[in-house]
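Please read through the structure below; I'll follow up with questions.
Order of writing sets the labels: A, B, C and D. Residues in every chain begin at 1.
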Amino acid sequence: MSAADQTNAGRQATAALGAKEAATPAKVPAIELKGISKAFGTVQANKDIAIRVMPGAIHGIIGENGAGKSTLMSILYGFYKADKGEIWIKGKRTQIPDSQAAISAGIGMVFQHFKLVQNFTVLENIILGAEEGALLRPSLAKARKELKRLADEYELNVDPDEKIEELSVGHQQRVEILKALYRQADILILDEPTGVLTPDEADHLFRILDFLRKEGKTIILITHKLREIMEITDTVSVMRRGEMTATVKTSETSPEQLAELMVGRKVLLNVTKTKANPGDTVLEIEDLRVRDEDKVERLKGINLTIRAGEILGIAGVAGNGQSELLEVLGGFANGTGTIRVNGQDLDLTGKHSDGQSRRARGIAHVPEDRHHLGLILDFMAWENMIFGYHSDPAYQKNPLLMDNAGIIAHTASAMERFDVRPPIPTLPAKSFSGGNQQKIVLAREIERDPVLLLVGQPTRGVDIGAIEFIHKRIVELRDQGAAILLVSVELDEIFALSDRIAVMFDGQIMGERLPEDTNEKELGLMMAGVAT
Amino acid sequence: MDFATIIELLDSAVRLGTPLLLACLAGLFSERAGIFDIGLEGKMLMAAFFSAAVAAVTGSAWLGLLAGIGGAMSLTLVHGLASITFRGNQLISGVAVNFLASGFTVLIAQSWFQQGGRTPQLSGNARFEPITLPGADAVKDVPVIGQIYDNLLSGHTILVYVAFAMVPLTWWVLFRTRFGLRLRAVGENPESVDTAGVSVIRLRYTAVAITGVLSGLAGTYLATGLAAGFVKEMTAGRGYIALAALIFAKWRPVPALGATMLFGLLEAISNRYPNIDLGVVNLPIQFMQAVPYILTVVILAGFIGKAIPPRAGGQPYVKER
Amino acid sequence: EPAIIYDLGGKFDKSFNEAAFHGAKRWADETGGKYKELEMQSEAQREQALRKLAESGANPIVMTGFAFGDTLNQVAPDYPDTKFAIIDMVVDQPNVESVVFKEEQGSYLVGLMAGMASKTGTVGFVGGMDIPLIRKFACGYVQGVKAANPDAKVIQNMTGTTPAAWNDPVKGGEIAKAQISQGADVIYAAAGGTGIGVLQAAADGNILSIGVDSNQNYLHPGKVLTSMLKRVDTAVYNIFKEGTDIKPGIKVMGLGDDGVGVALDDNNKALVTPEMLKAVDQAKADIISGKVQVHDYMSDDSCPVK
Amino acid sequence: MEKTPKWIDVGLIPLLNLLIAFVISGIVVLLIGENPVQAIKVMIDGALGSPYGWGYTLFYATNFIFTGLAVAVAYHASQFNIGGEGQATLGGLGVALVCLAFPWPHWSIALLAAMIGGALFGAAWAAIPAYLQAKRGSHIVITTIMFNFIGASLLNYMLVNVLRPRGSMDPATARFPKSTYLPTFHDMPLIGQFFGKSVPANISFFIAVLACFLVWGLIWRTRLGYAIRAFGRSESAARYAGISPVKIVMAAMLISGALAGLMAINNVMGTGHRLVLNSVEGAGFIGIAVALMGRNHPFGVFLAALLFGFLYQGGGELALETTIPRELITVIQALVILFTGAFDNMLRAPIESFFVARANAKKEA
């Protein structure tokens, strides 16, 4: 009896169970976790977590970045090993030392970062680890048939012979779901599945989830988006800093309550700012186009202007060209078209299209990803404080040597001003928490009085106190007359900060709105590419 | 150049290309599984020594073969421990393996045989003798075909035929079996294998074990087939040429055959014609010797089709930072 | 305490260096004396090795191989109280004895035998590193072959251009195989350790081979026609025996003083016909008497025959 | 985040790894039927027991400082330069060409010119792999390996066909003019009286020490060093900052190649006084071990180079005084690379988790 057969039997058993139990109120939880703890080095990712998930339900898990959601699910799926705790599946204490055990127990997982082999076909990815025998041919034939059935049943169409690298992100996700279904999973975990999807694709996904729920499958859905939680889940658990703060019925809660549970206090998303007082045009972008390494066009003719003393917010689902826009402006991607700053053209290719030249033109950049772009985690705070500006004459002792002592002193005072804790310039960047790391980047970029500030996801993974602080500094800079381009996937943040909002979809600007004249619904449609 | 000379050159190319082919396929299994292996040279050398030593003592080439595989395997274990279990730097481990073999073989050879790091000469059953294919004598005088059959195809040691058989076998295992699918997957994205419920560690150890067997065959052929005994540093860079061939073949088995035979032919030509006068230029022997390396650099530079290694190659599989 | 340094081929190359080792060993066995010995690992170590021995008080110090020439020329003046001897090279220093051999004479004799033993009329020569010294072997050999059979063809190959050419049996074997396929049925290997591969390939290919420096007939009994003896062993033995009394200057060893010769023993008894023996003895006498002049390649860097 | 104390990272762990390497080497010596205690005694005596021994130990150490620095500089830019061997080989060619080109009036002038020659040739040999890595993404480890072999062939050709004096049988250049001979320790004031005439350690040693200081300054005190380190730690962040990957890879590799090439002033110009085949004798590879041991810090490189200088000289004595072949040092060298490099996590992981556990416990308390 193969592993697949076993789970098949298991599936039928639980399906029957689920059907019977639907009538009786005293159900055995599909999943019960008790006292799960997990540390990565000194980071306590999960602390004594308990959770129960009922069969045939969609159970949501929310929490800020780094709250420990993915870690918890990876433990359930046998990808990580818990330091402590018990896992009970369908009322039975179950050891899950590896993913094989999880699969046997009927668990399937779609990871936040897909686990697909890029240069394999869909079919090969599906059968990997679930082959029928030592030879591939029968497995492939069987999988092809099964795939067709699943595709028809769940509207999950993908070409079985296409290579993964040729597929869109949405289709790759379908492959991941198919993988789980092919393995007869009756407990399906989805880790932030909609982060990479357009609202349309997300709707499709939810239809499928609904369908699976009706079939009696259990679904765990991790998301940041309260709207989705309210829309589809039956119950919801909230995590904060590695702990499970609450589990509630969705029908008995509200987004406000969830938000409060998530961050630990009342959320204040309104920034107090005066009306903008725009001056001369600072940034003009005309017909900007960018191709990536695979020659795919990622920006398809962008036109934008920003004036001094104005914040332009770019809304959009991640992956629609916002990153490329920041990269071209920041000088680390090549493009074609025209970009003018204060009337002067920027080079879009060649050796004057780098970060150094941009900084020389008064363009500062708080990048989207502070770990990979904005900071060198192994460098000390003072070394990070001059990152990108290290050739500035102010930091040189003489033509040969840098003025390290001077830089350390400068860093210490900047850390005070930006309330970086602890204010120790010789600590490596990786020893600071996310919010404090972001403040270091911000201090470096803002204190240079830029003509144009590029900001990407300024408060991603940052706690609420720091968010307020960061927002305040951005508005202050605007009031001093800088032009600011803000990219954020958080619509709340876009509404709170922007003086004008542009929506990006598929490498194009779908349209511009004033925040006071629009609402989330309209922007959502534009972000999906269905409205302009 | 007459036909007989061409046959003779090709024959020599087969002999000289065989250790490269075996080592190249050895490297293929390891690197396809995501473990870079610049230690092929060392594994071959170790196998060459142990096969020759045991064959010399026991008088049996087959026992020598076992010992050769064992010798290569011991270094494979070191490399596997370093790159799989301890998640160390695979390149550094490869360098260490090469030095280890280079020193260890001489040290042990001197201690066992007191012949300045050689083994005694092998003769008789202690060597793999050439095999005459059936009917080779009969067709010997048939023009062209007969000559090819008798001179080129027949008359090699068993290990040569094994090496050639390994090419389709490797292809089949890699692309037609479950093991091959998983092996390729673990070299591209180990997480995909792990989350599919398959042990990354076991797969990778299996892959490097196959590398051990094949590089063991390579070294054994060198010492007991091509030569008749071990002398120090007798691999003379062949492990690196095999590595070059692997890149040249873009990690695929059938092109690996082509690449290694090409490099074998280059060696055969430079043995026979130290200086090649092309009229315009006179290619010195040193140039001929450098050609495999130069070709590899050209391939690496991507001027003739780009060589893209397995995506997870060289990186230890680390789940938790 | 005398000392000896072997060249890169190593003490056990079954050939040149091994001959030197046998000389030293014979001296030790006979006198019960002790000596120091050193094997070179790389070109760059020569000077250290030499100085090391000189510093340690060894005297005399023998080195095998022309490659020591330049280094010795530098080092010898620094140790005026130490006596040095070098084989195969002339070093003009007041405390150095240089021993050279008339290899062309011995090679002539084995060439003569090869010419007579060959049935195909084609014989081969595999040299080690391509240097005048080895060409001297080749030239003597060709002269001998032609003396036996003026129509004979001699295929000549050198193994390489660096000292690695002395120690590459695989390559030696491949070259021999190529010569066999070209019709050679006797191959003379003057290539140090590389020659082992040549002799092996010849034995595998069922043809005859000729060894060099040491008596290599025993390597493949019945398959090695003979060996061109170059009495490095005698040279070393003599130097060790004379000790610090060795005479600086050049010492030439040829047929006349048994410095070179051909090896005859049980292993090749069946191969050497009485006619061959006669011809060899005759040629030997003629060379010693001066009736036959064997051309020395190194005298004018050219060979009159091909 | 708590971290393991620095002395553990750069002191204790490397020392423990070294200890393991030596213990295993001792076992190997036992296995071949020799006495390890005797062996280590011979090595210490031969390498450190006399000015003669020191003269050789420091001579070898000089080579290893240069190649160790070469590996370290490249490493800071996250480039694994395994081509030190080839670069040093070509450096030798550069030095030889300079020395032979001109009847230099004084060694000091010749030395300056030879340093330029060696550095230029070494850098040139690193330039192509560096360019291919930077521009075309060709894996630098493989290209530098290939360039080691190509370099060996090139030198072989030059020595056999071009530079060999007429009538000479050696594949070697002619003797350099006497005026290019560098002062050895014997020729120097103050220390000269301790060292014999035959000691090869020469003024290059002091240049190597100077190079340590310069590399330290370069890496931790200059803009270029800052950019190299930034690039080495995070390529993506370096691009964000406008640090050109091409420029950094080229700069780091050229400096690395130049350092490897500079080694030739010691082994070619300082002693030998002519260029022979394989004058590098594996020093390029030992540079890897030296940089690993020295944690890529010039001071660490200096100490590790001394250690390997000791091993080299001691190993040579071993071959002379005992029946243990010189290859023992190759084994020791391999084990050092293995344990300080590839097996580093073997000790580091448990030791670090011990400190993490302690830190967590402290936090709880």
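Brief remarks on what is shown
Assume a residue touches a chain if its C-beta (ideal position, glycine included) is under 8 Å from a C-beta of that chain, and two chains touch if they have at least 3 such contacts.
Given the structure is predicted, the values throughout are model-derived calculations rather than measurements.
Under the contact definition, subunit B and subunit D share the contacting chains A, C. Distance from the subunit A centre to the subunit B centre is 46 Å, each centre being the mean of its Cα atoms.
If you average the Cα atoms of subunit A and of subunit C, the two centres end up 77 Å apart. Chain geometry summary: the mean Cα position of subunit A and that of subunit D are 46 Å apart.
One simple way to say how far apart two chains are is to compare their mean CA positions; for subunit C and subunit D this gives 39 Å.
Counting partner chains per residue, subunit A shows two or more touched chains at residues 41.
The set of subunit C residues that touch two or more partner chains comprises 39, 161. Among the residues of subunit D, those touching two or more other chains are numbered 156, 160. Applying the touch definition to all chain combinations yields A-B, A-D, B-C, B-D, C-D.
On subunit B, the positions that touch subunit C within their shared complex are 4-5, 8, 11-12, 15-16, 115-118, 121, 123, 130, 151, 222, 226-229, 231, 234, 236, 268, 271-272, 274, 285-286.
Of all residues in subunit C, those touching subunit B in their complex are 10-12, 39, 130, 157-158, 160-161, 164, 167-171, 173-175, 177-178, 181-182, 193, 196-197, 200, 204, 219-220.
Within the complex, the subunit B residues that touch subunit A are 175-182, 184-185, 188-189, 191-199, 311, 319-321. Remark: subunit B residues 38, 78, 81-83, 86-93, 95-100, 102-104, 106-108, 110-111, 117, 232, 237, 240, 243-244, 247, 284, 286-287, 289-290, 293-294, 296-297, 300-302, 309 touch subunit D in the complex.
Residues of subunit D touching subunit C in their complex: 52, 56, 156, 160, 168-172, 175, 196-198, 200, 267, 271-274, 276-281, 316, 319-320, 326.
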